[in-house]
Amino acid sequence: MKAKTADKLATSIIVAVAAFIVLILAGLLGYILFRGLGHISFDFLTSAPETIRKGGGIGPQLFNSIFLLVLTMIITIPIGLGAGIYMSEYAPPNRITNSIRLIVEVLSSVPSIIVGLFGLLILVNMFGLGFSLFSGALALTVFNLPLMVRITEQALKGVPREQKEASLALGLSKWKTITSVMLPIALPVILTGTILAAGRVFGEAAALLFTAGMSSPRLDFTDWNPFSPFSPLNPFRPAETLAVHIWKINSEGLAPDAAQIAAGASAVLVITVLLFNFAARWLGRYMHRKFTAIK
Amino acid sequence: MQPIAMSAKDLSVSYGDSPAVRKVSLDFAAKQVTALIGPSGCGKSTFLRSLNRMNDLIPNCVVTGEIWIRDQDVNSPSTDVVSLRQKIGMVWQRPNPFHKSIYENIAFGPRYHGVKNKKKLDEIVEESLKKAALWEETKDRLHNSALALSGGQQQRLCIARSIAVKPELILMDEPASALDPVSTSKIEELIAELKQDYCIVIVTHNMHQAARVSDKTAFFLNGEVVEHDLTHNIFTNPQKPATNDYITGRFG
Amino acid sequence: MAQSLERQKAKPHLVEEWVGKIYTLICILFLIITIVSLVYFVASKGLSTFFVNHVNVADLLTGLKWSPDGEPALYGALPFIFGSFSTSLLAALIAAPLSFCAAVFMIEIAPKFGRKFLQPVIELLAGIPSVVYGFVGLSVIVPFFRDVFPGQGVGIAAGALVLSIMILPTITTIATDALAALPKGLKEGSYALGATRWQTIYRIVLPTTLPALMTGIVLGIARAFGEALAVQMVIGNAPHIPRSLFESASTLTSAITLNMGNTATGTVANNALWSLALILMLMTFVFVFIVRWLEGRSKI
């Protein structure tokens, strides 16, 4: 009898905890959206921020975040894919490979603030890139690469060996086998992982404080010459992203509506991350269905 | 008597320290089917996979000895494995079509090997599918996914895929063991057709199948060839007691 | 004809093979060079405090006062080290039981509902950016603590609570994988003996998955330890060891975040911050090695 009571009690506690976790998320999302959604308007999303007056927007920050994400992914994806392919297909099974794996693991757990400091030292100061989108993108690449490598490696390891053998037995080179047979099969997993990684990059702030900088010049959205200092497309200008902006107005915001702006910006950030998440989930399921469908 | 298409001399394979195949020497004649039979773990599949250097993919698998195709030693480190494999087709236990359309599955190899002409590719696809007795079933849906085919159809597609690159011999690793009886008999008929053009080496668990499709049979036991003779002789008048025990079902 | 075709083909595929090999090798080398230089530069900057500026290592590690502008300037980092350890350990203490319950719920109690509902929820929690956690912490948890407990609401308790939600997904995911990987026969054997579900979980499931659960907890602590902005926003940032959980404190990351921009490169104050970063990085290595060690054990 006693064992049964304990069982019932434990079960109810576990169920309660599970419900509690769902409640936390619901509360979290509800709070952010409830506080923030009211503040989101077209004007808020497109106008420039104000330092001391109220009514500022997050236009440049939103643009910076998106631009930085694109830059980062352009750098990360080819390197991450290449390194992942190496780890999965070319690395000989020996000690050196094991230590490379350890190195990747270490890099993936280095706190992002340290990646930011490293960026400050190497990119901003030593290479003279200054606080710029480019520095930020490279720092985020360092932050993101281990994840991309692991995603690629695992996705390729998941490809059935017979597929690889079939291609090699036809007399195809290993490289062609990887690019034409294995990568297409691994693609759904790689894409899903990449989108989730992109969400992580979009929300990252600590690595950017000292690389992309905490300010944004007055951008002239009519000037699309990437070499002009006020052009939004200039990769060598400082760029405060949305996540950094949220941090900054929370710690040193002077505008009277700082709290609302933070709430609105948080809501935008969370909605974007949610979109990334759903996109990854949907794409993964869609591609899985497409590849295994019996037509 | 047909000329020899491929011959293995003193071929040994080991995984790390444990030997799987010991000093096997076998000749495979052109336009003949040779069946490799034996209990599981006897090394027959490992031997087969060494013939097109598939075992290169397996870490710490060491293959020693010689495998000759005409004047080329397959197993020599200086051999260009990639162009070598084009000469040797392979069919696996489980059908493994590429995750592409039926057409692409077959055109994939020839296109890589330099056939760019669309018309020529169409011809190769049709010819290969016809040879694999799959043309009638698939000619109206060449651009559908190959994964939508039944298991037996997929296996015939894999055979078509391998003959599309014009190999000289075809290795088959228990090609019918994952299929139903009807599909199995289709594959067996196909093997009988194909041997008019190719040298075929087939690993099989099924002794009746070996008896039905092969001209010669090699019996493997513990990584060695116990007996290698005309299939008829092996099944009616085996010279070694172990062979006799195996074909009469005393073990394996 | 076959011969000529082969000759013609022989070259391109060899070139292709080399292109692939070299390209992937360059990528992995880039990665290795990056991590090696990261470690090297952080270490050399962090160590220069001791070798160039002659600050005593023991003073830095055990000193209680951080006042770079004081006379004499003091670089005692113990308050930060204490803050980092206390917030991350406390966060793990809160998150671990919750995560274990969530994992048990998903695997043992309601697999269908769990997979469909709880798992996405946990993944979403993992995806929310840390500044958003900081913002919510600042606008919900801190005011709540201020009303209920004495003090300003900021401090280790607020930091740990925010962190615990952030590391919940890390621990839960690993715990779930560990529970799911358990051989079926193990549990069935216990049920067959008439044990209840809880007895089975408690006596069979928990002990066998313990190393994996520990791995999850250590990874969670590692993440909490390195988290910068969310903690910085709610901890108060006073550079001393607090007397209560609800008193303003600092962590290694918050000290770096706040002060790095205000010190000039090459000064002692700046180098001392790099020493904090070095401590942070070394702790990361320690965590990675603990995880490796635990993973090695859980295989047995």
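When the chains are written out, they are named A, B and C in that same order, and each has its own residue count from 1.
The definition used in the following text is that a contact is a pair of C-beta atoms (placed from the backbone, for glycine too) under 8 Å apart; a residue touches a chain by one contact, two chains touch by 3 or more.
Note that the structure is a prediction, hence the values are computed from the model and not measured.
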Overall pattern in which the protein chains touch one another (line/ring/star/complete/other): complete
Central chain (distance from its CA mean to the mean of all protein CA atoms): A
Chain whose mean Cα position lies farthest from chain B: C
Which of A-C and B-C has more C-beta contact pairs: A-C
Whole-Å separation of chain centres (CA-atom averages), chain A against chain B: 47
Chain centre separation in whole Å, for chain C relative to chain B (CA means): 52
Chain centre separation in whole Å, for chain C relative to chain A (CA means): 17
Sites on chain C at which at least two other chains make contact: 13-14, 17
Multi-partner residues of chain A (at least 2 other chains): 172-174, 176
Chain B: positions in contact with at least two other chains: 82-83, 86, 113
Footprint of chain B on chain C - complex, ascending: 2, 5-6, 8-10, 13-14, 17
Parts of chain C lying in touch with chain A, wherever the complex brings them together: 13-14, 16-17, 19-21, 23-28, 30-32, 34-38, 41-42, 45, 97-98, 101-102, 104-106, 109-110, 114, 117-118, 120-125, 127-132, 134-136, 138-140, 165, 168, 195-199, 201-202, 219, 222-223, 225-229, 232-233, 253, 256-257, 260-261, 265, 274, 277, 280-281, 284-285, 287-288, 292
Complex interface listing, chain B residues touching chain C: 80, 82-83, 86, 113-114, 166
Residue numbers on chain B that touch chain A, as the complex places them: 52, 54, 57, 59-60, 82-90, 92, 94, 96-100, 108-109, 112-113, 144-145, 147-148, 158, 161-162, 165
Sites on chain A touched by chain B in the complex: 92-93, 160-174, 176, 180-181, 184-185, 291-295
